[in-house]
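Working notes, structure below.
When the chains are written out, they are named A, B, C, D and E in that same order, and each has its own residue count from 1.
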Amino acid sequence: MPDWAKHAWRVARKDLLVEFRARTGIVSAAAFVILVLLAFNFGLDRTAVAAVDIAPSILWVTFTFAAIVALNRAFQLELENQAFDGLLLAPIGRGSIYLGKLIANLVFVATIEAIGVPLVALFFNVRMLPYVLPLVGIIALATIGFVAVGTLFSAMTVRTRFAELLLPVLLLPFMIPPLMWAARATGALLTDRPLSDIAGWLKMLAAYDIVFVALALLLFPETVTE
Amino acid sequence: MPDWAKHAWRVARKDLLVEFRARTGIVSAAAFVILVLLAFNFGLDRTAVAAVDIAPSILWVTFTFAAIVALNRAFQLELENQAFDGLLLAPIGRGSIYLGKLIANLVFVATIEAIGVPLVALFFNVRMLPYVLPLVGIIALATIGFVAVGTLFSAMTVRTRFAELLLPVLLLPFMIPPLMWAARATGALLTDRPLSDIAGWLKMLAAYDIVFVALALLLFPETVTE
Amino acid sequence: MLLAEGLHHAFGSPPVRALDGVSFTVQPGQTLAVFGPNGAGKTTLLKVLAGLIRPQRGRVQVEGGRRAVGWIGHQPQLYGQLTVRENLRFWASLYDVQAPPDLLKRLGLIEQADRPVRALSRGLVQRVAIARALVHDPRVLLLDEPFTGLDRLASEAFSRLLAQHAAAGRATVLVTHNVEEGTELATDIAFMRAGRFVQLAPRAGRDSRDIALAYRSAIGGASPSA
Amino acid sequence: MLLAEGLHHAFGSPPVRALDGVSFTVQPGQTLAVFGPNGAGKTTLLKVLAGLIRPQRGRVQVEGGRRAVGWIGHQPQLYGQLTVRENLRFWASLYDVQAPPDLLKRLGLIEQADRPVRALSRGLVQRVAIARALVHDPRVLLLDEPFTGLDRLASEAFSRLLAQHAAAGRATVLVTHNVEEGTELATDIAFMRAGRFVQLAPRAGRDSRDIALAYRSAIGGASPSA
Amino acid sequence: MRMVRVGRWITATALLLLVGVYVRALEFTPVERLQGLAQKIFYLHVPAAIWAESAMVLVGIASVFYLFLKDPRLDRFAAASAEVGTVFAAIVLTTGPIWGKPIWGTWWSWDARLTFTLFLFLLYVGYLLLRGAVGDPATRARYAAVLGICGMCLVPFVHFSVYMFRTLHPMPIVLKPSAPSLPGSMLATWLFSVGVFTLLYVGFVIQRYALEFLREQLEATAGDSGMGHA
């Protein structure tokens, strides 16, 4: 394993260790998803709206909020005792730090999503089992994109006042397009449309991932040195 | 003005000073609301769903998230340099501290709501002007209730890791009932149902407020001493 | 003026005994200097005296109650976003007093008065913390390593302040690791170790060298953390 | 080994000049002690030397680059949720080394090794911070008030460590307000004020009293913050 | 300062020419058959929209160069361009609905184009907020640059993904591969007004740039006159 990968992994492992030290993190993440879904359930008048129409969007909106909440914490952790300065001093590339953070965030968000999908299937009784594989593909594509951007931005906002508000404000314009594409793709998938319908969206998602992961890797160093 | 009120107001004023020190706070609150509204829209295939059906629920779910984000910050502020210990040492009642925090949070959430309502009216072109007064009533009733509970909980959760996740988990079960009542009441209001339809919900909300504000005042001291 | 009786306190599980039967009194005009190795329980003791921690056994009595106490802890207890002046005004307002006009000057903070605390250097923040603790002219001072980060001139200025304070018949408990600074001000000296006062005696004209020797023999060359 | 040339840096707007033309070199085996009033720019200087702040003008050269630097700042740079051992293991892993087995013992941290850092007393945390900075046996040590919070035994132990470090031909920059501790270790002494070195000379056998006097005359009785 | 005056003049002439555009639009350009007079807003709406998007791209380009050259002038330009872009986006967001009400019978519809314009607007808002939230100029510039570059890269995604949604909003009539499907006179007027908006953009940017510059000067001097800690 090349050095940069090794270092990235060590940073990520540390984050995960901290997060799963107390099971709190993941448990409350799960509860969070459930409750967001509930909030929708009650909000929407279920007689007026067909489950399959809204299930995809609700799935994705839930993920969005869960992700934002999770991302906010990504760097809080580092600032507590300015441990982040320690990371910057260490003889490891900035890129490794970014990747480490990215991995940790992806794992965290992925866990939330893994919990969310079956719950949505359950609450809105939508058949998802037959589509699991393509669905995972869509989710993965979308998630990578916005978590990559989110990780980059949280590195900046966390040092400003109003981090909790500023992060979503900066992030959502970047988050909603992939979110929309993913939602449409999911919708098409669940309503058995031909794959050609989905391909377009997937292409967009893939392009988005490539562009923004690359961009984030290039730009991250700028966000960390004073 | 009795002492406890005076002290509460001083605590609140300090919070507001910190939050609105730069206009940034309020602007990002506004942008936040817009974006949450956007996030909800996507996916919702607007041809399938009538605006008036979902407008109330979206309005309220949005407020919920805004409130949760805002509440999280209520006590973060105090823990930064353990300023909170200073508050506890000061010769002012715990009740005043709670009230001060409550007021500050209410102002903050109210600002967000004041921004949110017209935006919803605009985006979902729902006529709200004729109903402004009763609407404000409903919003006020609902908000007081869940912000009261939220302030109490954030005092507890903020000292734990994962505050961002834990708060919503504790809070949402308490938020969803008033949220539902308020959403239903709003719905009834916007569709010109007779006032008798709404009265029931309002009674519930009022009862909820009384019970939980009282409860919070009683319990708050317990949450703050180590 | 200040009375502590059989204080016992342990943290977490397995329990770490931080206080293990501490009793003493401090009369007006007295200054009790507490020396002890790291982890001896000094901070815990002060927090108990201040009323921030409710001891598991034993009782504390402070003449004049919370209003009479001025506390300087390891954290400055200030709001980073507010300026020095705003901080002092706020804390003074909680005690219904005006901040003494010459306080800033005596601590050499005039030039910093309108800068946000967050932008100050460590020693400057410590000065603000001192000002904050003295703002209501407390009758009982609880000082936890108050000289931390102060430059020479500042610590001399502060020592003068403390001397006057004692001369004015106030009571002080001073925790420090610097025998010189401590002895200079002390009328009584306690050596603390593993939650106990292993020695508590009037200073009786001993100078800092004597104290240093006494400390050695009392605490011994035992592992520093014992 | 360590070279600084014409360093200039100012913070924020209106700009606060923290560094205003500082140049010096430190050779292997040398220990440069920097004394100066609060706000003189000492911490900023160390951060620039460490590479945490990019100076607006001037350059810094450290033989061996980032890997060679060990830094102790005002904040401990540790993860509160992780235990002492876990923290050290993590930081060591970033330097691809094993934590020296006797490090914990020498700093009297054996008993605390498996406690979360968050639960430690201030002085104990400071010891961990020291261990963390020495974990990769750095060739250049940048120490910002490293004795803060240490009890007598611990600071003596640490002084011994530093003496050995210097004897082994390492270079050290030590910032402190305690002339005794500083002088004892220094081979060169600098007085800093308002971002400038007002005096930089070899210690040449002067003892702490001489230094104290020299400091007075160099910095003067000016307002402590000047 | 001279620059401010130059900016003022350019803006003034641009505004004058804009009046000219409308004189031409109302007098010498045929009234569109279906939409009637409402269509006239087209000459305000579209150029504004085009410049709202272009401004973001310029912000991005300036940011890229800033990160390499660390030249504060580039940062100042990016800030100015972003502010102007915000205004233009706002223009689109107001003229759009004004146009939409008679044509679609509703102020707003959740249509991809409309919503994405809203994003663009919020992207600007976010950019300005970030600038507001960071105190230290150097840091502010770097953060802003990072966001600006990301923004630039987002624009094409948003712009083109619109074509993948069913939308009420007209597809490009002018800016499209094939020849513009627009009557000659309309096209002429439209091109004229695009030119005018270009001038407007330049004028505004110059002003904002100069003002920003003056502000920094003031702060700097304030810093020297003893406001510093020493």
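Criterion: a contact is a pair of C-beta atoms (placed from the backbone, for glycine too) under 8 Å apart; a residue touches a chain by one contact, two chains touch by 3 or more.
Because the structure is a prediction, the values reported are computed rather than measured.
The most distant chain from chain D is E, comparing centres defined as mean Cα coordinates. Two copies of one chain, chain C and chain D, form a contact in which over half of the residue numbers belong to both partners. Averaging C-alpha coordinates per chain places the centre of chain A 40 Å away from that of chain D.
Separating the centre of chain C from that of chain D, both taken as means of CA atoms, is a distance of 26 Å.
Looking at chain B, residues 21-22, 24, 28, 31, 35, 38, 161 sit in touch with two or more other chains. Shared interface positions of chain D, defined as residues touching 2 or more other chains, are 11-12, 16, 39, 81, 225-226.
Contact of a single residue of chain E with at least two other chains is seen at positions 119, 122, 125-126, 129, 133, 135-136, 138, 229. Across the complex, chain B is touched by residues 22, 24-25, 28-29, 31-32, 35-36, 38-40, 42-45, 48-50, 53-54, 56-58, 60-61, 64-65, 69-70, 72-73, 161-162, 164-166, 168-169, 172-173, 175-176, 179-180, 183, 187 of chain A. Within the complex formed with chain E, the residues of chain D that make contact are 10-18, 39, 56, 193-195, 225-226. Of all the residues in chain A, the ones that touch chain D in their complex are 7, 10, 14, 17-18, 21-22, 77, 80-83, 85-92, 225-226.
Those residues of chain C that touch chain D in the complex are listed here as 11-12, 16, 36-39, 43, 74, 107-112, 119-124, 126-127, 145, 148-155, 157, 177-179, 212, 215, 219, 221, 223-226.
Contact residues of chain C toward chain B in the complex are 47, 50-54, 65-67, 69, 71, 73, 75-82, 86, 90-91, 93-95, 132.
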